[in-house]
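So that you can tell them apart, the chains are marked A, B, C, D, E, F and G in the order they are listed, and the count of residues begins at 1 in each.
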Amino acid sequence: MVDFALTHAWLVPLLPALAFVIIVFLTRPWPKLSGAVSIAAMFSSFVLASSVAYGVFTNPGFIERPLIYSLRWFGMEGFTVDVGVMLDPTSAMMLFMVSMVATLIQIYSTGYMHGDPQYSVFFSYLSLFAASMLGLVISSNLLQMFILWELVGLCSFLLIGFYTFKISAREAAKKAFITTRIGDFGMLLGLLFLQIIFGTLDLAGLAERVPHYEQYGISLGLLTLIAILVFIGPIGKSGQFPLHVWLPDAMEGPTPVSALIHAATMVVAGVYLVGRTLFLFSEVPGAAEVIAFIGAFTAIFAATIAITQREIKRILAYSTVSQLGYMMLALGVGSLSAGMFHLWTHAFFKALMFLGAGSVLHALHDKADVWEMGGLIKKMPITGWTFVIGGLAIAGIPPFAGFWSKDEILVVTLEYARQGHALGYLLFFLASFTALLTAFYMWRMIFLTFFGKEKPENHPHESPLSMTFPLLVLAALAAVGGLIGTPWANVWGKWIHFGHPHHGEPNYGLMFFSVALAVAGIGLAYRLYYQDEEKKLAKQLAERYQPLYKLSYHKYYIDELYQWFTRQVVDASAAVFYWFDIHVVDNIVNGLAGATKLSGQGLRYFHTGRIQTYALVFFLALLVITVVLAFGSPTLAGSMGGVHS
Amino acid sequence: MDNVYSLLAFVLLAGMILGSALLVVTLRNLVHSVLWLIVMFIGVAGTFLLLNADFVAAVQVLVYAGAVCIMLVFGVMLVQRPNMEHSNPINWRFKLAAPLVGGLFIVIGLLTAKSQLVVSGQEVPAQTVQALAPILLNDFVIPFEVAAILLTVALTGALLLVKEVKANGNGS
Amino acid sequence: MENLFVSMAAGIRSLLGSGGLSEWATDFLVMFLKLGAILVYILVSALWLVYMERKVSAYMQCRIGPNRVGPMGLLQTTADIGKLISKEFIIPKDADKKLFLLGPILIFMPPLAVFAVAPFGKGMVAIDMNIGVYYFLALASLSTVIIWMAGWASNNKYSLIGSMRVVAQMVSYEMPLILSIVGVIILTGTLNMSDIIHAQENVWFIFLQPLGFLIYLIAAVAETNRAPFDLVEGESEIICGPFTEYSGMGFAMFFLAEYANVVLVSVMATTLFLGGWLAPFGLTFIPSWIWFLLKVYLMIFLFMWFRWTYPRVRVDQLMEFGWKVLVPLSIANIFVTGIGKYLYHSLGW
Amino acid sequence: MTLKTEEFLLNLGPQHPSTHGVFRILLTLDGETVVKAVPIPGYLHRGIEKLAESRTYTQVIPYTDRLDYLAGMLMNWGYVHAVEKLMNVEVPERAEYIRVIVGELARIASHLVATGAYAADVGGLTGFIYTFRDREDIMDLFEMISGARLTPSYMRVGGVADDIPDGFIDKCRQFLDYFPTALDEYNGLITGNEIFQARTKNVAIISAEKAIEMSLSGPVLRASGVNYDLRKARPYSVYDRFDFEVPVGSKGDCFDRYYLRLLEMEQSAKIIRHALDQLPEGPIKGKVPKVIKPTAGEAYAEIESSKGIMGTYVVSDGSTNPYRVHFRRPSFVNLGYLDEMLKGWKIADAIAILGSIDIVLGEVDA
Amino acid sequence: MNPKPLEEIIEELKTRYPGIEVAESGSGSITVTVDQLVAFMREIKEKYHFNYLTNVTGVDYRDYFEVVYNVSIVEQPHMLHIKTRLDRHNPVVPSMVPIWGGAIWQEREVYDLLGITFEGHPDLRRILLDDQWEGHPLRKDYQWEGGRES
Amino acid sequence: MQVKGKGLLKGLGITLKRFFKPKVTVQYPEQRLPLPDRFYGKPEFYYDKCIACNMCVNACPNKVIKLETEAVDKKKVVTRYDFDQQYCLFCGLCQEACPKDAIKFSKDFELTQYNRPDIKIKFVKPEQVEQRKEEIRKAAAEKAAAEAAKAAQEAALKPETADKEGT
Amino acid sequence: MGTALNPSYFMVLSAALFAIGLYGALSRKNAIAVLISIEIMLTAVNINLVAINKFLTPEAFIGQIFAIFVITVAAAEVGLGLAIIIAIYRNRHTVDLDDFNWMKW
């Protein structure tokens, strides 16, 4: 089985793709069947992926030498593209994680989307998404990865705009698509540079060649530029500042989509890409610093927005942005293991929280404002307690998963600072402050939603088993998923690392510090939103710091800024180009066309429209030419006559 | 011995092919033309068998005699049901066309006669299908796929064409 | 018993050889005899099948069927043929006379030609052709044109409608027919019928290819123009379709050719799906050719059973069913078969 | 060479296996689709109405047999009903019961033919044989009671020709006991068959309004959802004494028309059972003079025959022969809508539609 | 739909159409003049909901023709027996097809057998007899030759 | 969605069940079904019973019966009773009308003939007529003789009878 | 050469068939007849391909492969060609190629 799985890892993305095809072409009229097909494909994918993961993790050889097999897709002089599968612990981990979360979320969706007229379509999209994401994860080639990256973007577009009747959903879908396109464009440029300079886009090949960039005749500056360009892609996809704006809006999609795409899988694609191309970034310290700073800034920036938001999914969205910044920070400071570890744990607890939020929304009939909720834990015990586990995990309370990964990041950041990098301590400070804020806003939400007084106008009920089952599984994982990366027995770091397996000693001080931060955050939230039944203090604070509150509540007016920019700058330049097009380009074209038309008018009378006449003339000419060639000139005749094989 | 028989077979088949082909292009009744065309295709399939290409022969019969001709028959029926007697007239060009094709045949014949082909002398392997399959599905997989897509597209297009115009025709 | 026919052929061969004939001429003669024997078999079985059909239909309809001519009415068909021969062969005034006459003559050609490659028993195959299955498909498609020709030449409107139906129906159902066989071909990797039979020694392909068999069965019913797909003749709608104007022996030829075709598709079904002449449960003491015939007649009974149970489908339903159900299903079947075979090989189960 | 399209005309009939007699439909086809249909009846016209003018009142009865020869009893009944109305004759109760019994038997027989022939029309011959097998039993009953199988001429003005013979009731009950199993068989073989359903469902839907407007009657009307059965709507004879239901279709397609007949057969069997149970003793003929000579006048009477409303219009001038007899034949009137029904369907559907109306050409052409 | 008893309806009609004759014996028999016919029929269809035309036929009374219509209501047991008299030499009557489509074949039959012309009938052709047939057999003065009985 | 093909299988089941069930065929010429008493088969005419009342002729709707009589000695003798069977409706009205049961229908239903004239049944044979006439004449003669005898007797009793007639 | 089959034979046969097809394509008025003639020409080419395959490169099978492709393309061509003819016929009620001249000027 394991051997089969290893040699057939390509089946992992193929099965959901197949499910997509089957649903679209065959089973669309039968929603139940479509769902079953989708889940069956996903589950078999998951089984395969688990086997792959097992195979990879039981074979230490794969760490150093990834299992790569590939197929020539197309090739021409000096340019060949292979498509293939690359299996190393990182991709195996991602395969496992993505397929599992996707399976759980599809199961969840059977309950969540029950009765939707577009049920089959939804599952087909989910399948397609899973296929693209899994394909992305195991890509051995940056071009292949890019294509699937785009496909993932497409699916995201389709799923965000799934409720096509909602204008906001359509707008959000467009926004997400366009914003990520901006990032993708930069990334495409970067990839083109890589291809031109290094002559390959194979990850393995690039990893070999990039360190010796001098041999390829480029300077460090150019390499930095390339790295930044490549990084623009992840900025877009992983919602880093300043291209984060699409992610909160993307919550217009159905909740399982938010959970799957905007928490666990797609948004981490950027992180994954950075992780995969870390050989590039590690080569250029400038770029790495940029990543680290953008990550840290995004983390704190999103966290400050999150503390004032009211909609449950929006809070989670900003939290996601913030956590993604965390991962970027880890990668920026050069630790693949920390980044990936946080990715891993984050996937579980964030998916859990999103699904929990979905469950809440489902129960409250899409009422999203946390201020209108309260006391839900009594009516929805499973949802509530799993959500609390998620909250503990994200806040960083040991032994839940988030603690270990967050701790790891803090450790590596501190190390980075200690290594003497300028502003390294700033990064550390930002990270720690973010941790405080994270605990605060998360628990603010939890207290507001699940505790406190029940609101009489709500009639919540626990969700069906198909929805609570994934919650339970994810909660379990969020609770224990981090234990494979504890500082004492860091299995994780042994497997997933860049460069040398590196692991610091357990830093108890730091651990205590981070726990203290988390407890402080939770405590603050407790004080403000649980103890204080009327929430007077919170309101007072908001009154007192009105400008700050507004700034945060309106997300620092980034959207408005973009809009202004578009209106003023882009439209103006468009007007200029329009004038040029109308008066210069068109005249040239029209002039050419006029000349052609005149000559055509003269020549058209040779055209009788009778095809047989044409053929007759053609063959007459052919005959004449053949005769002349074959018998007219002796030299040609000789060469024609001798048809030697 | 064998050569004599194969030569005999060749002569017979060639006579069958050329005779029926001539009938196809000269008969006045289009349906008869199509039916003679089938005879010609079967003759060609026989030639293929003579050339040890049994798979191609079967394809020839299946596709040409079985499908193409039926399609033609259908087309004939759709465009002109009544009075098939003189459904296939000759236009004024035949006076020019006859010497032209005669000339073409003579030229090609002369060129063929002049050319010296190097006969390899090897025999075609008997297991044609087993030999053809890997070539078709490995070396020629792209053309194979392209041909498949072409067929699909062509037939879909044909369907669309016929349907579309029918709707228009009803409307006008 | 087992080697009855094989040893007969060998005996004739040695007889001819000892008669001083060259090897080539002996081959030729033996081949000729084999084909002649098959011809006789087809004609006799067509006759017998007419009787069988009448009996089966009668029994299903609470009747007893022919019982006057000969014991149990066994000579009924013979009498019918005698009657039809003695009847006038009417050629309508405006018919295309040559084609009209040619129709009944040619209609027997495709099935006869195909039977040359059918394996009737162990070692009992006239020509063991390398592309046997493909040859069957290629030649089977020819009868469409012949029926069409007969209908068109009749210059009768019912015949014309029938002819159009023949073309539409048989072309449409050739697709699923071919595609349903592909599954078997994938499993065996050969087009040779003997090889296909040998490949079923462990398990018949009806068990490995149940869907393929079902599709083949339906498409075969349609290919032979029998109920519920007998639109071509559809006597309650278009009298007798392309054969409306035929009388006497001309009609009898079409009538018998239908049965020859039924035998043909049954032989193919037996070969491709039912293990050919292989004996089930190790009952090898019964000769292989008897097994073969048993299976063939079982298939034929199935065809008759369908015919006397089902109403006729409508022409657009027929086309829809063919293109929208059978073709996708058969493609899916190919797909599943391919994946199955791949899995089977790569997992080493 | 410019060719113009010619309409493809197809003469369906007068000799055609599926026109249920000699009936001709001139179809204009586009491919297999009917563009225009012109029904042309009259090939079986015998001038029964004209003949009746030169016959005595009693002598007309055998001619009525030949109208709907599949339900001759009902045709007899329709005629004698009108004459009785003209003469104001009281029919004895026993005679009425006997009439109901044979009438409903005739309805079953007629519907059996319709069902079987319909199965044959859509290509399943076995169903046809099955229904004819069971129809034989009814024919035997008719033979017992009237001496003839198809054309009983059993009814007389004022009663019936003969009393019920010995053994008839037992045999009738025997048939009624057996009949449900036969119905199950038809349902299994014909009704439940997916091909049959595909062929008939949603074919030639007649709306209720259209059905009423076009004066359709019988199963054709009721299949469209109009509950109009004279046995219930204007109960004649003793029909008000029986407990039965009028099956009504929901859609008005060919399948409904077909299936309705099966349901009606069930109800008819129920009525017969009741009638046999209630059958009173008494005379079988009312007080009718030997020579029937009604006073001048007219009468129009309707009964529900197996095909629909069978109306008879009798005008008397006081002589022994009727001055004018007119039969309102249900099949004839039902056929008036045929051209509209056929439009846009395939040839095969045309057969199915014609079969679903269930015409008898003897009746259509009179 | 219209719960009025038949007698009442007839009374009402009598007052509205003075020209009509009503037979006494409750048979619902009404004689209408030809020129009033269409208006009368329309009224009974639209006002009294006589939606079902059962029967159309004609009688030749040697001096005049009579066309007979039987009209009833599907939902109720009412039936009207409406007659109209036509000139013997020029028998023309408005067609009922626009009011009840079911008249289409019955009127053709009456035309065929009695020679009464229905004005406004969409397709007035012979229906039972051959197109070339001469005369109208159900007329009392119809003469024919041949046949077994003459 | 109901399971497609269920009805198809059921149909197959029914035909297969029928395949093994007993058949209903009657092997006609050898085997015959019993006919009921009222069956209208070949008409039969009892010459002796007929009183030539013409009721059957008048009752027949299709004018199938041709009855000719000859007055022999004031008595009607049926000289011709032709039954043109090809036009017979087998309605039984003649049988019903006959007061003497002279015309009846038998159970013989095989009425086909090879020649068209044979279909017409001429019931009355000349010898029968002759015999009848003879009988009548004989009877008449007897009667005449008897009457003569009676007359002779009466003559003897004349006055009484004359009286009676007178009243 | 003797009695042995020679590729030239097949080439001459092919040339003759091609010429016949060309004659048909040029001289028939009926569009379907022209289509048929084109089929003849394609078949002529196939004979050549298979003959060359047999005599020159028997091991490579390229000729046969090409013949199969030609047949495939021919089938597509016939389908499309017929569809076009039928479409034109439905609009213009003619199949005479000389009437198909509205693509001039």
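Everything below uses one rule, namely that contacts are C-beta pairs under 8 Å (C-beta built on N, C-alpha and C of every residue); 3 or more make two chains touch, one makes a residue touch a chain.
Computed from a prediction, not measured in an experiment: that's the story for all the values here.
Between chain B and chain G, the least number of touching-chain steps is 1. Seen from the C-alpha centroid of chain A, the farthest chain centroid is that of F.
The largest tally of C-beta contacts between two chains is found for B-G. If each chain is reduced to the average of its C-alpha atoms, the one that sits nearest the average of all protein C-alpha atoms is C. For the pair chain A and chain E, the distance between C-alpha centroids works out to 83 Å. The geometric centre of chain E is 44 Å away from that of chain F, both derived from CA atoms. Centroids of chain A and chain C (each the mean of its C-alpha atoms) stand 59 Å apart.
Chain B and chain F have Cα centroids lying 79 Å from one another.
Counting partner chains per residue, chain D has residues 1, 3, 8, 126, 133, 189, 193, 195-196 touching two or more of them.
Among the residues of chain C, those in touch with two or more other chains are 60-63, 164, 308-310. The multi-chain contact residues of chain E, meaning those touching 2 or more other chains, are 149. Of all residues in chain G, those touching chain B in their complex are 2-13, 15-24, 26-30, 32-33, 35-37, 39-40, 43, 46-47, 50-51, 53-62, 64-65, 67-69, 71-80, 82-87, 89-91, 95, 97-98. By the touch criterion given at the top, residues 41-42, 45, 47, 49-50, 54, 210, 212-217, 226, 228, 233-234, 298, 300, 302, 309, 311, 313, 315, 323-324, 326, 328, 332-333, 335-337, 365-366 of chain D touch chain E in their complex. Those residues of chain G that touch chain A in the complex are listed here as 22, 25-26, 34, 56-57, 97-98, 100-105. For chain F in complex with chain D, the touching residues are 4-8, 10-11, 13-15, 24, 35-40, 58-62, 89-93, 96, 105. Those residues of chain A lying in contact with chain C across their complex are 4, 7-8, 26.
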